[in-house]
Structures are given as C-alpha cells and as structure tokens.
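In what comes next, chain A is part of two complexes: it sits with chain B in the first one and with chain C in the second one.
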Partner chain A sequence: MKSYDDILIELCAILAPYANNNLILDEGTELVSDIGLDSLQVMQILLEVEDRFDISIPLNIIPDVRTIKDFVLQLEHLTRQS
Partner chain B sequence: MKPTPTENRVPLRPGEFDNLSEALDYAARGVTGCNFYTGKGELYTVVSYAELREQAQTLARRLQGLGLPRGTRVALLADTSPDFIRFFFACQYAGLVPVPLPAFIHLSNRSVYVEQLRALLVICQASVAVAPLAFLPFLTEASEGLDLRFVGSPEDFGALSEGTNALSPLGSDEVAYLQYTSGSTRFPRGVMITQQAVLNNLSGIIKHGLAVRSFDRCVSWLPFYHDMGLVGFVLGPVASQLSTDYLSPRDFAMRPRQWLSLIAKNSATISFSPTFGYDLCTRRFRQEDATALDLRSWRVAGAGAEMIRHESLANFAKALNGTGFNANAFMACYGMAECSLAVSFAPVFQGLEIDRVDRDYLSERQVARVAPNGTGDGNRSGVSSFVNCGKPLPEYEIQIRNEEGRELGDRECGTIFLRGPSIMTSYCGDADATQEVLSPDGWLNTGDVGYRVKGHLFITGRIKDLIIINGRNIWPQDLEYLAEQQPEVRPGDASAFSVSGVDGEELAMMVVQCGEFTGIQGGNLIDRLQRMIREELGINCFIELARPHTLPRTSSGKLSRSRTRQDFLQRRGQLFSNESKHASSELARECGATG
Partner chain C sequence: MPIFDKFQQLAEARKSLLGEGERDPFNVVIDQVISSTEAIVNGRRTILAGTNNYLGLTFHPDCIAAARIVLEEQGTGTTGSRMANGTFAGHIALERELADFFNVGSAIVFSTGYLANIGLLSTLAGSDDVILLDADCHASIYDGCRMGDAEVIRFRHNDASDLEKRLRRLGDRASRVLIIVEGIYSMLGDRAPLKDIAAIRTKYQAFLVVDEAHSLGVLGKNGRGLAEEAGVEESVDLIVGTFSKSLGATGGFCVSRHPEVEMIRYASRPYIFTASPSPSVVASTRAALRIIETHPELRQRLWENATCLYESLQDMGFTLGPEPSPVIAALVETKERGIGLWSQLMEHGVYVNLVLPPAAPNGGCLLRCSVSAGHTDEQIEKICQAFLSFS
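So, the complex of A and B:
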C-alpha cells in the first residue's frame, strides 16, 4: 500500500507538466485556480492518475477536490479500497 | 453479455410517428436497443427497445402513483446511463414532461454546481427530480427548501407503488421535453419542444439528413443533456429503430480512442462530434492504433454543434490513415436546440465541401465573393474558407436578412432566419427572451450569420453573444457577472465575447473597465477573475482591463458586445493577422489556450 507521501510525490509528478515553471507544487496548491487546469486537462489528469494507481475515480468526489492535499487524501482512500 | 444486434426483425420505419411513446412502441417490436460501455470499452448494460418500453411503462405507473397533474415537470440528471432513458420514456407514457439537467462537474466546483442545479429546478418548476446515486447528494442539496414532491435515485423509485389507471401518453400537441440550451447558472434558457416539433425534425433527420438504412448502427459519447446527444442519439435511434452504443462524455474525454474502438468493434455507421472531439482523437491517436482499427463501416461522421474547422477534420482523416476511414464520411450539419435539433445537412458521403471567399470583400461588403483561383489558404492569403452545411431540411423556410430586415440573395451575408414545424414554442417562463428571437408569424432569429449558394447554407459567424468552447455553450453574461461581483468593478463595466484562436477555435475574452486598470492591483484583479472563471466554468478567459468609459454602448445605453469585440480587435490589431479572423499565437498563449 502506498503512503500519503508516496502518493503526494507521484501526483505532483503527474501535475508538473501542466503547471507553470515558476509554480512550486505542494499540498496547498489549488488545482484549478493555481495550476489553471481547464475541464479537458482535468480529464487527461484523471486518466493518468487512474492508470498510475490502478483505480477508478468516482465522479462524485471530483467537485470536492480543491487542493493537491484533497486529491492525495482521496487517492489514499481509493488505493486502500482497491 | 452481447450487444443488441444491428439487423432488425421489423421493417425500418423512418420517423413518421405522432409522439415519442408511439416511436418506442414500434421500436419495441424489433430486437434492436441501447448498449452502455465503460471507459475501458467493456459492455456493462444492454437494454433492448422491447425491455426499455416495458421498464419505462412500469416506471410510468410508479410516477402515476404520485398523483401528479398532467404536464408536470420531471427533472432528470442526465448522466449517460440506461436509467436516464428509462425515466425519459416513463415521462412520455405518464403524460409528464422530462427536463434533462447537466451532469457536468469540474474540480472544486461543488457549490457552483449545486447552485446551477437549483436555478434549473426553479426555472422549470420541477415537481420530481431524479439523479443516479453518485449525483444524488448534489441534487438533494440543490432542492433543499424547494417545493418538490419527490427527489431520489432510480432505486428509490423502485419502492413506490404503481398507479392503477391506464397510461395516457403525451399527445402530439403537448410538450415533449424541456431542453436547457446552456449550463448558465444565472441566465438559463429552457427550450420548450412539442411532440409534433421533435417528431417532425426526427423524420427529416432520418429520411433526408442521414438517409438511414436498415444496416445502420450508431455510436455516441455526446451528453444526454445536449440537443445533439439527446435528440440526435437517444430519440433519433428510437424513431428509426437503430441499435446504439453509448460511451459517457467523461470517458470519451479521458480515453477518446474508445470512441473509435467502439465504432470499429460493432461496425457502426453513424457517429457525430463537435470539431473539438475530432481534435482530441487526433492528439491522442497513436500510429499503432491504426492497424488495430477497422473504420470502413463509418459512413456518416457528422460534425456540428460549433463552427466546423475543416483543417481539424482533415488532420483527423490523415491521422486515421490505415484504418479504412473515408474522409467522404464527413458530414457538416447545422442546427440548434431552438429547432429541436437539425436545420441542414450536407449531402451523404460527399465529404466536406469548402467555399473559399475573398476575406476583405466579405468583411467590407458582406458578400462572399469566390476567391481567385490559386490563392492560398491561411491567415495572410486574404482567403476565408467556409464549410458547406448543405440544404435545410424540406420542412424549413429560410431567409438571410440584412440589418434592416431585407431578404438577401445568393452569396450575400446576413442573419439566418428560419420558419417551420420543428421550431420551439418558447423559452420556458421567459417571454422577453422568446420575443427577442421568435416573431408572432413564426420566424426564428437564429442569431447566426451566413450566406447561401444555390440553396446550400454556409455559416460564417454569430451575432448572438454566445461563446462556444469545446462544444459547450458559455454565456457572456456569466463571465460578466463574475467580474461585476468584484469590488473594483461596477455593474455594466464588463463585456465578454469570443474571438478565433490560431486554429480557428473560439477563445473567451472579456474587457473590464475600472479605475485600477494597470499595475499590481490590476494584475490581481485579472488573476482573481481568471481563477473564478476556471472554477465556475472550467474554461480559460483572456481579460483586458481598460479605462472607465471604454466600453461602447448602443443608442439605448445597452452594452454592445459586438462593438466591444470590434474595438478590442482594433486595439490588438498588431496581434491579429486579419481583423476578426485569427488571434495570433501570442494572444492565444496569453489566454492559456494551449493545445
């Protein structure tokens, strides 16, 4: 099972190509307002995350994910279930 | 599990029904139906039309058990699922009016989505609301304090007792459904379509537009809350008894190649997408996919719902080289929810036909004069290319009018007006908006601009203020509202519109006038607004701050978005290779419109 920190590192690696070079990604980074993801980019990221962690992300958690930390917590929960 | 077959047992009946329940009654006599696939391409539910009819009638009796008056609105959260179709037809049999609600969700937009659902429930005065379990918490929150008889998941409906009266389906002059034309939170517009109107349009689509044959099979990933997804690919297949394979829009956006795999797997013949969907496939397509896919069966690859960018479609066909995809399958079409769905289709299997016109002549004189031979395409050539969207369906009368309302001739560019039996009755509960577009003698002002050549329609742009991004309608009012909520901005000080990006795709722009239009404070305002717009609408928007009194107004003092746009293009002239045509890549980058 992956730890919170492992997931955080892997998630940041997935997000890095979408972020501006000057932006340092950390737990508090907001996905939409800081990184500037539009709706199609979000779909691409969900795909990469699903493939990397071998999980299926339920639609209903998406609107509650604001920061990288929110996302990691959800992934931690989902990987524990799978 | 096996998908429903393509070949049917009953003869093809191309539309020609009095109402939607009658269309399903006939389809239920055959063996065709709907098939639902996961994002990984696995078939998870098969519902034949015979089963659909039975299930819809059982549900209809449960709805009847609630004792609702005829014509009561039933809001259905339109996630791509068999339950949506079951409930949609249950309403038809029970004499109730279904209202699809958007299932579009985005990161961190919970409160925005709930607020949006609430506004849509209020406008249509829904008495019942249904959502799949995953969406139910949003719908429940949205309906708090509203006077609804029942809010629940399809499973909750299973527990209701059935009414005992004979079912009395919606008749031909009753409203068939209510269709929201945008996901606008604050300015939603619900189009009211009668049974007669939609069935008339469906017959036209099936017979004249697609020339449906008994060997046809559809594949669709289009949202069920979108006119092309609902009318084109839920109601259309029922009214022509075709089997259809469904993929959800979210699964398509994540794995666009699944769309093509499904077409190949079941030898489908008809599938549509806005241009952006073809673009998405091209970007994600790998050469090794080509050898694994056989797309020879695909005879109608429709394009509509946003301006058709022929270069994108050409790139798609090129990327698919080796799959057997034939570019002649491309079919340009034009339509809108206010006309049920379809207005015109290019001829079947003739590919895209491009009209190349003199750009300067068009912008100065509003006449689409054919460009001299040998002139190149592109930004510097002085040539604009428009796609032939074909002849309007025979049911329509069409006029192209200039600003004074005079009817124009061939190749003269003006606003497109339509009259015919498929046109909406009104916008729900909005007499002013209805009056703006629909004249007492039945002419609909489409808000689109174009010209005709020998009866064929070419769309060149829009005068209505709609912005279309990735096939989604975005209302400028929603962007302006967000700006006006900022302490630095007063009401009426923001104006939003769209311009074309480098590849012809639309980019959202907004000019905001305020005192703090430069420096750090200005930068903060831009940054804050862009964040809010991304969170609410999931799009990037370019924001320009301007001095007070910059925004042009009409003689009656109303904000003029089209003149703001013209002024903006002039100010930014050096960034544009030609007025109003293509934003430079520099501007596109500023807008964050990355591929």
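So, the complex of A and C:
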C-alpha cells in the first residue's frame, strides 16, 4: 500500500503538465482555481490516476475534492480498499 | 442582483465566442416548418440536417391523423401526473404496444427521454450498487446517476476490456453492478460493442441497460435497435429510449423482461411528479411505432442517405466519426472555426448542430449532421455542396 507522501509525489507528477510553469504544486494547491483545470481535463486526469494506481475512482468523490490534499486523501482511501 | 453573479462568467464566455450581434447557433429560430426536412430560418429556405428526425415521421399522414382525432376527442393535455390525475387508456395501450414491439413483458412511458433516464437511473441503483457507464454517455444518463445513491464509475468509451477490468476490481460487488451503454452515441454516431459487453454482463452477472435513443427504428431487422442487430436482446436487462427521434414526437420509455421494473412507477419521483404525455403525442407515437414495424424500407432509405453523406464528407477530407451512421459529425479543430463554418452552412441553407467542448472531443468542435429517411437525393446533394464550399 502506498503512503500518503508517495501518492502526493505521484499525483503532483501527473498534474504538473496541466499547471503553469510558475506554479509550485503542493497540498494546498486548488485544482480549479489555481491550476485552472476544466471539466474535460479533470476527466482526463482521473483516467491517468486510475491507470497509475490501478483503481477506479467513483465520480461521487469529485465534489469533495478541491485541493491536492483532498485528492490524495481520497486516493489513499481508494488504494487501501483495492 | 447578486443571485445572477454566477452567470457572469458564462455571459462573458458567450460574448467572446459569438461576439455582438452574431447569429447564435444555440438559439436558432425556425420561423416556419415546411416538412420533416425543410423550414424557413431567417427568411431562408433551409434543409434541416440536425433534427434527429431519422425516419421523417413528424409529417407522416398516419401520425398526424391519429394525433388529430385524439386531440379532438381527448383535448390538448393531461394536466397532471398519472399517479395523481389518472392514466389515460392511450398510455396503457402505448405501453402494451412498446412491450410487444420489444418482445418483453413490461414498459413504462415517461414524459421525455431525459426524464426516462433520470427517472430510471436515480431509482434503479441504490446505495449498495455500482453504476459503470460508458464515458461518452448522454448528459441525461450522467444526471440520473448523480441523482441516485449508487457509486458511479466511468469506463473508457467503447472499451469492453476497460469495462471488464473495472468489474474485476470490484470483486464480490460485481454482481451489484449496473452497466450503461448507448446503441448509437449521439455525438460521433458510433455503436457500442454490444456483443462483447453483453458477454461481460453475463460473465459477471451484472445488469445491463442500453439506451437506444438514437438506434430505435434505425438498427436491427425490425428496428428494435442495437440489441436486436447484435443478437443480444436476451442479455439486455433494460432498454431505455425516446419518442423524440425516430418516433417523431416527445416522450421517453423503458422496457424490460423483468416484471419487477413495474415497481419503478411507485418509486421514481421524475415519473410520479411529472405531467404525463399529452393524448395527441401518445396517439402519434403509437402510429409511428406501427410504421417502424411495417415499413422497413424507411430504414433502408435512411441508411442509403447516411452512407451517401458520410462517404461524400469523407472524400472531401473531413475527419468524421469512426463509422457511417445517421449521426455524422465533422470534427473542426477550433471553436472559432467551427462557429464560422456553421454560419456558412446556414448561409447555404443547411442547418446542422454545432457542438462545443466538453461535448466535442479534444478542445475542438463538431458540425453534427443527423440524416433522415425523409431527405431527398437533391437535399443530400445540397448538404454535400454546402460542406464542399469550405472543404
């Protein structure tokens, strides 16, 4: 099972291509207001994350994910279940 | 007023996309309808190639006569829901005829296709269930899933192996899965790999829902849709569909061989709290269903037209959906170019649908045509010529 920190590093690597070069990604970074993700990009990222962690991410969690930390916590929970 | 502030961003996006005084592709006013395939728009005689009127039945004399008789006999509307205000005999007859048409025991009629999906999906899957839906499913399917309590997971569009991978991940929960796919997908016109998906459904003992909105009357020897064409009707648990495409009216339905589906009437709020379809709509839909059953030549004509337009646009160099279909979408790289081309088509007297992201793929947009059996050879040629002017 991956640790919180492992997941954080891997998630930031996935998100980096979507972010402006000057933006430093950390736990407090907001996916929409800071990175500027649109709905299509969110769906694309979900697919990439699912492949990386070999999990299925329910769409139901999306309303609860605002920051990178929120996302990591959800992934930590889902990888624990799988 | 502050309550409208949330729409400011939308208003600005609309203004930057369309500019001032430009024709709005999403607010086309049809001044006068001439036939199932022609209308007057902005004072110009225009071929309708974006109406989903696949069999051209909106002006069929049998449908109009049936609606007219019932309109005189039963009035303009039902003025309420079936549960509160009563069911008309026509509703029952239509449900019986739909069930017979699909060779199943149960049918439920809804007031629109959108309501059929939200009414069913919000009710059918509960908190212990999992919905696996194709990523390209229609908004009504997504909305229905969101209104329910089930866990909702997408699988890659038309990728049966991705579906199976996700079922495997669910382990023991796989038998509590409701799989949702469409017969023909509304944006690119491609079909679900239903034979493969049906086999997976059986292997994992899941529940399979097929939305035949765009394939009813279009696919299958008898027009029952993709499940019939693929020879897997026995493996499909529930079919949902609409009256607003090949049946030429407004409304929605579900049919199933599971008698328990009948209980959805008592649990589905979008069914319980919506006014039922008007008597004239029910009458014209019943007539249209009989036409689908008895006039297979309409399907043949539809496919001749669809294949002709698809091959012509392909020859002109347009990037199209993966297979010929009555839904033919030409991919355009940018929104700005798409809007410009759409306006040019209107100038040539051809109306198609403009589809922007996120409904269109890869940040581009789609010029989406829907072909009809009612289109004449000359009309198909005119549509081709309009596209050729900027190919």
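Everything below uses one rule, namely that the second predicted complex is superposed on the first by the 82 of 82 C-alpha atoms of A that agree within 3 Å, B and C clash if a C-alpha of one lies under 4 Å from a C-alpha of the other, contacts with A are read in each partner's own complex, and residues count from 1 in each chain.
Just so we're on the same page, contacts are C-beta pairs under 8 Å (C-beta built on N, C-alpha and C of every residue); 3 or more make two chains touch, one makes a residue touch a chain.
These figures come from a predicted structure and were not determined experimentally.
Trainee: Putting chain B and chain C onto chain A via the overlay, clash or fit?
Mentor: After superposition on chain A, which the two structures share, chain B runs into chain C.
Trainee: Quick one: classify A:Pro17 as touching chain B (first), chain C (second), both or neither.
Mentor: A:Pro17 contacts neither chain B nor chain C.
Trainee: In the superposed arrangement, which partner chain does A:Leu31 touch: chain B (first), chain C (second), both, or neither?
Mentor: After superposing on A, A:Leu31 lies in contact with chain B but is clear of chain C.
Trainee: Touching A:Ile55, do we find chain B (first), chain C (second), both, or neither?
Mentor: second
Trainee: Once the two complexes are aligned on chain A, which partner has more residues of chain A within touching range, chain B or chain C?
Mentor: Counting contacted residues of chain A, the larger count belongs to B.
Trainee: Is A:Gln44 contacted by the first partner chain B, the second partner chain C, both or neither?
Mentor: first
Trainee: Intersection of chain A residues contacting chain B with those contacting chain C?
Mentor: 38-40, 43, 46-47, 58-60
Trainee: In their complex, what parts of chain A are in touch with chain B?
Mentor: 30-34, 36-40, 42-44, 46-47, 50, 58-60, 62-66
Trainee: Which residues, counting only chain B, touch chain A once they are in their complex?
Mentor: Residue list for chain B touching chain A: 79, 104-110, 113, 134-135, 137-138, 250, 253-255, 280, 470, 530-532, 534-535, 538-540, 592.
Trainee: How about chain A: which of its residues touch chain C in the complex?
Mentor: Residues 38-40, 43, 46-47, 54-60, 82 of chain A touch chain C in their complex.
Trainee: Touching residues of chain C toward chain A in the complex: what are they?
Mentor: Going through chain C, the ones touching chain A are 135, 145-146, 151-154, 156, 166, 169-170, 357-358, 363.
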